[in-house]
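Each chain carries a letter (A, B and C) given by its place in the written order, and its residues are counted from 1.
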Amino acid sequence: MSIALLPRMSRITPWSVAKWTLAICIAIVAAFPIWWMFNVVFADPGQPVSLNPRLYPTSFSSGISNIQRVLTETGYLRAYYVSVAYTILTIAGVLLVSSMAAFEFALFDFPGKRILFAVVMLSLMVPMAATLIPTYLLVARLGWLNTMQGLVLPGLASAFGLFMLTQFMKSIPREMLEAARLDGASHFQLYWHVALPLSRTALVTLAILTFMKTWGNFIWPLVVSQKPEMFTVSQVVSLFNSPLSHTTVDVVMTANLLAAVPPLIFFLIFQRRIVEGIASTGSKG
Amino acid sequence: MSSLEITNAHKNYGAVEVLKDICLDVSSGEFVVFVGPSGCGKSTLLRMIAGLEEISGGEIRLDGQVINDTDPARRGVAMVFQSYALYPHMTVAENMGFTLKLSRAPKREITEKVDQAARILQLEKLLDRKPGQLSGGQKQRVAIGRAIVREPKVFLFDEPLSNLDAELRIQMRAELALLHKRLGSTMIYVTHDQVEAMTLADKMVVMNGGVIQQVGRPLDLYDDPDNMFVAGFVGTPRMNFLEAEVAGLNAGTVEARLSGSDSGLRFAHGGAGLSVGQKVTLGIRPEHIALSDHGGSATFPLSIGFVEELGESTCVHGEIPGGARVTVLSHGARFADDRQVHTCFDPAKVLVFDQQGRRVRSG
Amino acid sequence: MRLTKSLPNFMMLTPFMLLFGAFFLYPILSGFGYSFFDWDGIHEPAFVGLKNYEMILNARSSRIAATNLLTYVMITVPLGVSVAFGLALLVDHFQGFWARFFRSVYFVPVVMPLFLAATIWRWIYAPNFGVLNLILGWFGFENVRFLTDPDVMLYSLIGVDVWVSAGFNMVILLAGLKDIPRHYYEAARLDGANKLQEIRYVTLPMIRPVMIFVVTYSFISALQVFDIPWLLTGSSFLDYGGRRDALLFPVMDMMGRGFGRLGFGQAAAYGFLLTLVIVAITATIFAFQRKKENG
């Protein structure tokens, strides 16, 4: 097995040497910042950078104590809960709401369908900057600042999710739905028992993309969650960043590392789905 | 007793009329086949019976009840689709029991009915598989099983065998015939394959251009078609059609001259509805033409174009004087291409059609 | 009659359409309305006509932001897309395990949330003890003030930006490369094309639609750049944009006016102007593409 993975040594040409050197150098550039973040956490903070430039991890125990410190002495753990709840609720909401609408747009005819769909698709062209301030003002007027619903609800009507699921559901055979109708399925049951299970792959892809977008969302929580109880991970990290905070690099990087763990795990598990999901957005757009 | 009655049904999509004035009675327990070329409206008619297409006008009654506006699930019909339409995320058992699950039947009843249907179709060993793991024939059986579980008044089949390969199709055809015998229920079956229709049907409904051309037992349609369409559609190889002109009317026989030649042909016909000089089309099936090496009276020379030798029969294609193409089906004999032989038409088997393609019966 | 028949359809659409109406359509319309008012979010709004727009167009900060943005977009979009295309070609020249390995490694930065990427780089760029300066020091370079020297700051931002986005665009372009039927290359080789000519005459024309998507998408996101420059500079509504506003961009300016100075009317006007510009640019790219396809 491992032999098969090695490049065939018989074909060393200047071209292949250049190719491999380039590929490895770029790989180092791509991975180094993350590797470095890891090393900073797992290094003895007492050692000056000039002696230990954090090119590899040096102290496992300081890493653990860093993590403990960040979780207990700062508001980080609470922010983590908020971020997890925000992300899970958003994923569930986006999947439910956009799959219900996609089901109708993809498989049925009704008056006004084309116009509604066109309006939603046009919204893909409108930048976030256009809606940010007025949405904030609306949420404020509803009294939803510093609440979970204020964080989650405005992000649920995802035009992108609707577009992606509609494209996918168009491939569900009509006969499948007719068979279910003859079997006695109601309109909702068609959606629940037939369309949803058949769209599993697309739903998983959308869930992953929504996860990455929500977990990394910076600007919306920054605007809506102004009280420390409702801070998300991104805001705590940004607070550590501000010049007044006097936070040391090992604390910042520990917070960063903990924030990076969920996306990294997701990436390791769903690598193919993520890559294919993003690749397919390109070919469809 | 008539179980399904269709009266004056029609269907249009906007200005396009796809079914015109359909009237049809289906008796209880009958196996009815709708057959016709693609686009003739046979599937639309079936889907109207199922409730998947709206009826633009007319009435459909099932057991005396008008079902025009009844929800498809409540009509008491079950349908087997061309693509099988099995739910890929459910096992065979779940597929078959889905309708019962939706109607909140108790678990025990579901298992019982599914097992019973599985026994009939020999699917017992496949109940836990997913459709993706089944062969085409097995999928087809599951689709039928799903229909059986519903215990419908009428089974509807929409070209169910067209996705199978030739050998399996013949096998499933036989199984379907057996199943019909065993269940004794009313079945309506749509196909474009007239062989399938001939072998399965108690009653065959030939359709073309949204109109029912003729209804009857398969052999009646074969022997006694109402028009040129039915005559040409039913039977392979196709019936030969020859343009001709009526030359003389005698007692019990008619004499006709083939267009483009001096050759005359005399055949049995009462003469009713025919007059001398009238242009007609004569139809004769390939098996009703005999071939011989010797010419004689009432024979035409045939220049052979090509020969299809199928073993038990030989199909000879050629031209007779006047340029009409003729196909002859002969049994046993062997013929070489490019040879002249003589054809002899069986005078009792010649059918006459008028200019509109309507059959002119003997009287 | 038809409407009652479609009732189940509309019921399923309701959740999406309600949310879409409330949090997209209404904000857009109300934002347009707010843009004509002076409003701090607390007192009664006062109608001021086009004054908000005037102030934005005349303000020094918005001019700086616009200039910064222009320079930034002109560099980061071509650079980012070229790097991504190079990476895609490189990965495409590996097979099996190594192709997947390098693709994954190059993609890892994409998985990182932007706020994380910015924070990590903020410390990598740090003066004296920052690891980048440390490494430059080994080679005898002077200490570079990546985040405080106004002549360098923009390029520091672009570095992070390319690091983050290259993998994303690479994956899309790579899928585009894989979709090019092999026989085009075989035909080109039979015609005597070398590797560079293959790229010039087969790869580039065939990948054009995907390339246009990548460029358009990069453009739209670059025009709205916020997270990274915000976090590379002061990271708060009171302090953003960095020294001499070298990393001040329109969305940051808008946020600062809205939340830092409580000028929500102005911020709404700012958002509306930005939208106009972005939609205009997107429409131009699309129109240009259409014309090229038809002509």
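Assume a residue touches a chain if its C-beta (ideal position, glycine included) is under 8 Å from a C-beta of that chain, and two chains touch if they have at least 3 such contacts.
Everything quoted here is computed from the prediction, not taken from an experiment.
Chains that touch both chain A and chain B are absent from this assembly. Centrality annotation: A (chain centre taken as mean Cα position, compared with the mean over all protein Cα atoms). A straight line joining the Cα centres of chain A and chain B is 58 Å long.
Between the CA-based centres of chain B and chain C the separation comes to 63 Å, rounded to the whole angstrom.
One simple way to say how far apart two chains are is to compare their mean CA positions; for chain A and chain C this gives 16 Å.
The part of chain A that touches chain B in the complex is made up of residues 173, 175-176, 178-185, 189, 193-194, 197-198, 200.
Interface residues of chain B facing chain A in the complex, by the touch rule stated above, are 50-52, 72-74, 77-79, 81-83, 85-89, 98-99, 102-103, 146, 150. The touching residues of chain C, counted against chain A in their complex, run 2-3, 6, 8-10, 12-13, 15-17, 19-20, 22-28, 30-31, 34, 41, 87, 90-91, 93-94, 96-98, 102-117, 119-124, 126, 129, 131, 134-135, 163, 167-168, 171-176, 179, 210, 213-214, 216-217, 220, 223-224, 226-227, 230-231, 234-236, 239, 250-251, 254-255, 258-259, 264, 267-268, 270-272, 274-275, 278-279, 282-283. Of all residues in chain A, those touching chain C in their complex are 5, 7, 19, 22-23, 26-27, 29-31, 33-34, 36-37, 40, 49-50, 53-54, 96-98, 100-101, 103-104, 108, 110-111, 116, 119-120, 123, 125-138, 140, 153-157, 159, 162, 186-188, 191, 212, 215-219, 223, 234, 237-243, 249, 252-253, 256, 259-260, 263-264, 266-267, 271, 274-276, 278-283, 285.
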